[in-house]
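Presented sequentially are two complexes of chain A, the first with chain B as partner and the second with chain C.
Entry: the complex of A and B
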């Protein structure tokens, strides 16, 4: 698996989803949907930083930016491109 | 005109019998919180009044009148009795903020059992510790959380019934599991409410201390008296109020004021069962025309971070009165709320153990931004010298916040731990564990905890509990946990760890340890940062000097280090 969306989605499902029957998509609301709470957001941020070797500043790692897999990927790609 | 009127006059002429009379309670008679929050409101001619306006993910709505509440609590209470749940048994409610949680608590109270609400984000170990200590006989939960219960079931032979409220039939039920569908069940019109008395146990909430496991705080039905009166006088609950208490009933605010205070005063209670976002909160206030809003400093600071422009996109003119609880409300937040909402948040101070508000900012009393306010009428509060346990003389002297016992909602004991309960009292004062000073006008100003307990987002986390759990991770040889300052949550958990041989420090290991704690205990207990050390600072007798690590995090002077172990 090397598609970033799938990697992030799998991580969210494995780590944060209580109900194994719940289906998540790239657009499912993670923060506003109560799947990832504000405390757990810190571990999600840490996962992204460690996996993609980037540093996400706190003012960009907002609940809005982390609300869906799609928005997360957009943010991560922005910081990966800044790196290169 | 506010319900309390003149604070000074109320202090002068105060008796708890004011609330007893309003509630029609005769000392020595029956008092059942479940009945007061449902049947009584119906008997007052408000059966068709809206009791709950609930919204879940995707804008799904549910609405319940007070008559619906009466019928559903009758039905759920009857169901529990049918399962063999007896008066005095502990029934855990382990759910998100769904209507069944609120109605479930009232149902348990109505049939005379003890309601034990637990935060649904707790991991299996946190859940096990609390269920085992309470000797819980039944748990009401959702399909999404039942997996955590199944993991610990073998260790809990006394847990006889697991009630799932949203079973869809797709998977088979397992051992001890049963289904209760609240809305589609045949509603029970008549139910014999348990004839509980003032001292009958009602609610069991767990709270963390510096050492030892979490303690079960036992409350009784008489707590209603001060929960009712503080809701009326501090939250200023009026006949037509649309009330939103944002707290989760897994914590004491969500029970004392998110359930008991709101329903006992016959208010319309709004519940939002989704994650936090500033936009969704403002939209919720606008949609339901919330008038009384009781929230927490962490949430208020998060709203501040979202900016003033966002506020302007919503019509929040329905807001009439705002209050806050959880940790000290900083002056900036009070000033900001006045600027953007046209109303100041009124800070309130109390604890799981006190059961109801103790030091408050009531309507009409001048707010000193950043101050905790003044004692609620009928509450004797002081600041004690830390050595003599006598009240400090004169203003601006720091000491321990203490109360004279005797208010109705005071905890009656720690469950199975009377010894620790007794240690909470000195010279006839109940010691809160918090420090403050009094100013020249007798306003209280919060300083901090007098122990190592971490207050994160208004919830207490025991460093001992996190350290113990950390040691269960294969990579961790030793650990020390302290509070770290945080702009939004006031404090967050930070862990210092020494690794076992064969493990290398690194980002992925840090993440693995963080997630290990999050799943085992809760997201609140998860260290937000882990620092690797070669060794922990210890006294010569081998005790970890947590104080040193704490001082380093807060930039404080490290003080006396003469007992520090040499290299």
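Entry: the complex of A and C
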């Protein structure tokens, strides 16, 4: 499972869902949909930073940027490209 | 006068957005003392109505108890009205020290420090005792005041799934190398009425050398055989490192709170907790009332026993009638309706029937978990509960939800 979207989706399911069978897609609204509360977002941020060896500043790691797997991946890809 | 039309417009627009989102809060004015029956004006300008109160935190029915009122009167006579000082300048009286001692004895801890409220206790404690070298690991459903307190602390933070011990253990392993680890939970969770499994949490904390913090605001005075709190219920008295609690609910219902626990931690709060350092403490009149409450509760379990009987009676009545409830064994008994609009309509109809119970919905509770939260009191008599039950059944029949499962209710009304 090398696809970044799948890796992030799996982390979100494992970390935040009580019922692993609950359906979640790349576009499911995580924060505005009440799946991830903004206070608990911190572990997701740490996971992304550790996995992709990037540093996400607080003003970019916003509830809006973290609202879907797709938007998270866009953000992470931006910071990966800045590294190279 | 910097309050220009432009600035006024900013606030008006923001308030409008809150209103449009259905999140605008209004107060309901009560024209009586807090009790099982209260006189309410709602909405503003409507005729006053006498209703049965099913949503107060007046668990032990002591908010207007004659003995507490008398003790408060006496305290007012002997110790005055206010202190006009923070504790460490000239705002500490003998009764403040006495209350700290009595709370320590009641909760079975090492020491206690009073705060103006439990909100202040939770806001102040983490910043006072933790640094960047430490970590706070909190249950995802802890009270908002704890979240605020965590945000004020420089320590690293993380959360674990509600009541999920495997997930907590995973987090404890992840942060094994931190200087101090604090596991943070409510004793009784105020929206669901479930109790934290403190025996399992103590075992995990001992295994990983972590401190355990419990906010027992919805427990102190009535949970456990003699009402000492969730730690008594789970047989771990003396093993909770930090307990915060309030005097604004079961313990008289006025105001005030405390941090109670390990001696050094309490002393750190006395040295560093900002809400303690920069605010007057609890007024003498309230201290006198709480002292009376503790004396009463230490002598007899009559009130908490009655609360337990009432709660069991109410829960059974609702279940027999066919409502879907959150499982639990506390006086917080949420009637699950799942749909936000249904919860609002249900609450309005109950009020028409003379029953005061509030609907809760997203974002206060998770999306699709709207409910009427009922809270039972030792001040309720069986006739109050019977009347309330009859009203719930009448309204339940109107919406055709009695005997229906969650799935069926959601099919009818949506999430």
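The rule is simple: the second predicted complex is superposed on the first by the 84 of 84 C-alpha atoms of A that agree within 3 Å, B and C clash if a C-alpha of one lies under 4 Å from a C-alpha of the other, contacts with A are read in each partner's own complex, and residues count from 1 in each chain.
By definition in this document, a contact is a pair of C-beta atoms (placed from the backbone, for glycine too) under 8 Å apart; a residue touches a chain by one contact, two chains touch by 3 or more.
Here the structure is a predicted model, which means the values were calculated and not measured.
Of the two partner chains placed by superposition, chain B and chain C are both touched by A:42.
The partner of chain A that touches more of its residues, comparing chain B with chain C, is B.
When both complexes are overlaid on chain A, the residue A:33 reaches chain B and chain C alike.
Residue contacts after overlaying the shared chain place A:63 against chain B, while chain C stays out of touching range.
Touch criterion met: A:21 reaches chain B, while chain C stays clear of it. Touching of chain A by both chain B and chain C, each in its own complex, is seen for residues 18, 33-34, 37, 39-40, 42-43, 46. Residues 15, 18-22, 29-40, 42-43, 46-47, 49-50, 63-64, 67 of chain A are the ones touching chain B in the complex.
By the touch criterion given at the top, residues 140, 147, 150, 157-159, 161-162, 164, 362-363, 366-367 of chain C touch chain A in their complex.
Within the complex, the chain A residues that touch chain C are 16, 18, 33-34, 37, 39-40, 42-43, 46. The residues of chain B lying in touch with chain A in their complex are 57, 96, 121, 143-145, 147-148, 170-171, 273-280, 302, 456-457, 488-489, 492, 507-508, 510-511, 514-515, 518, 523-524, 526, 528.
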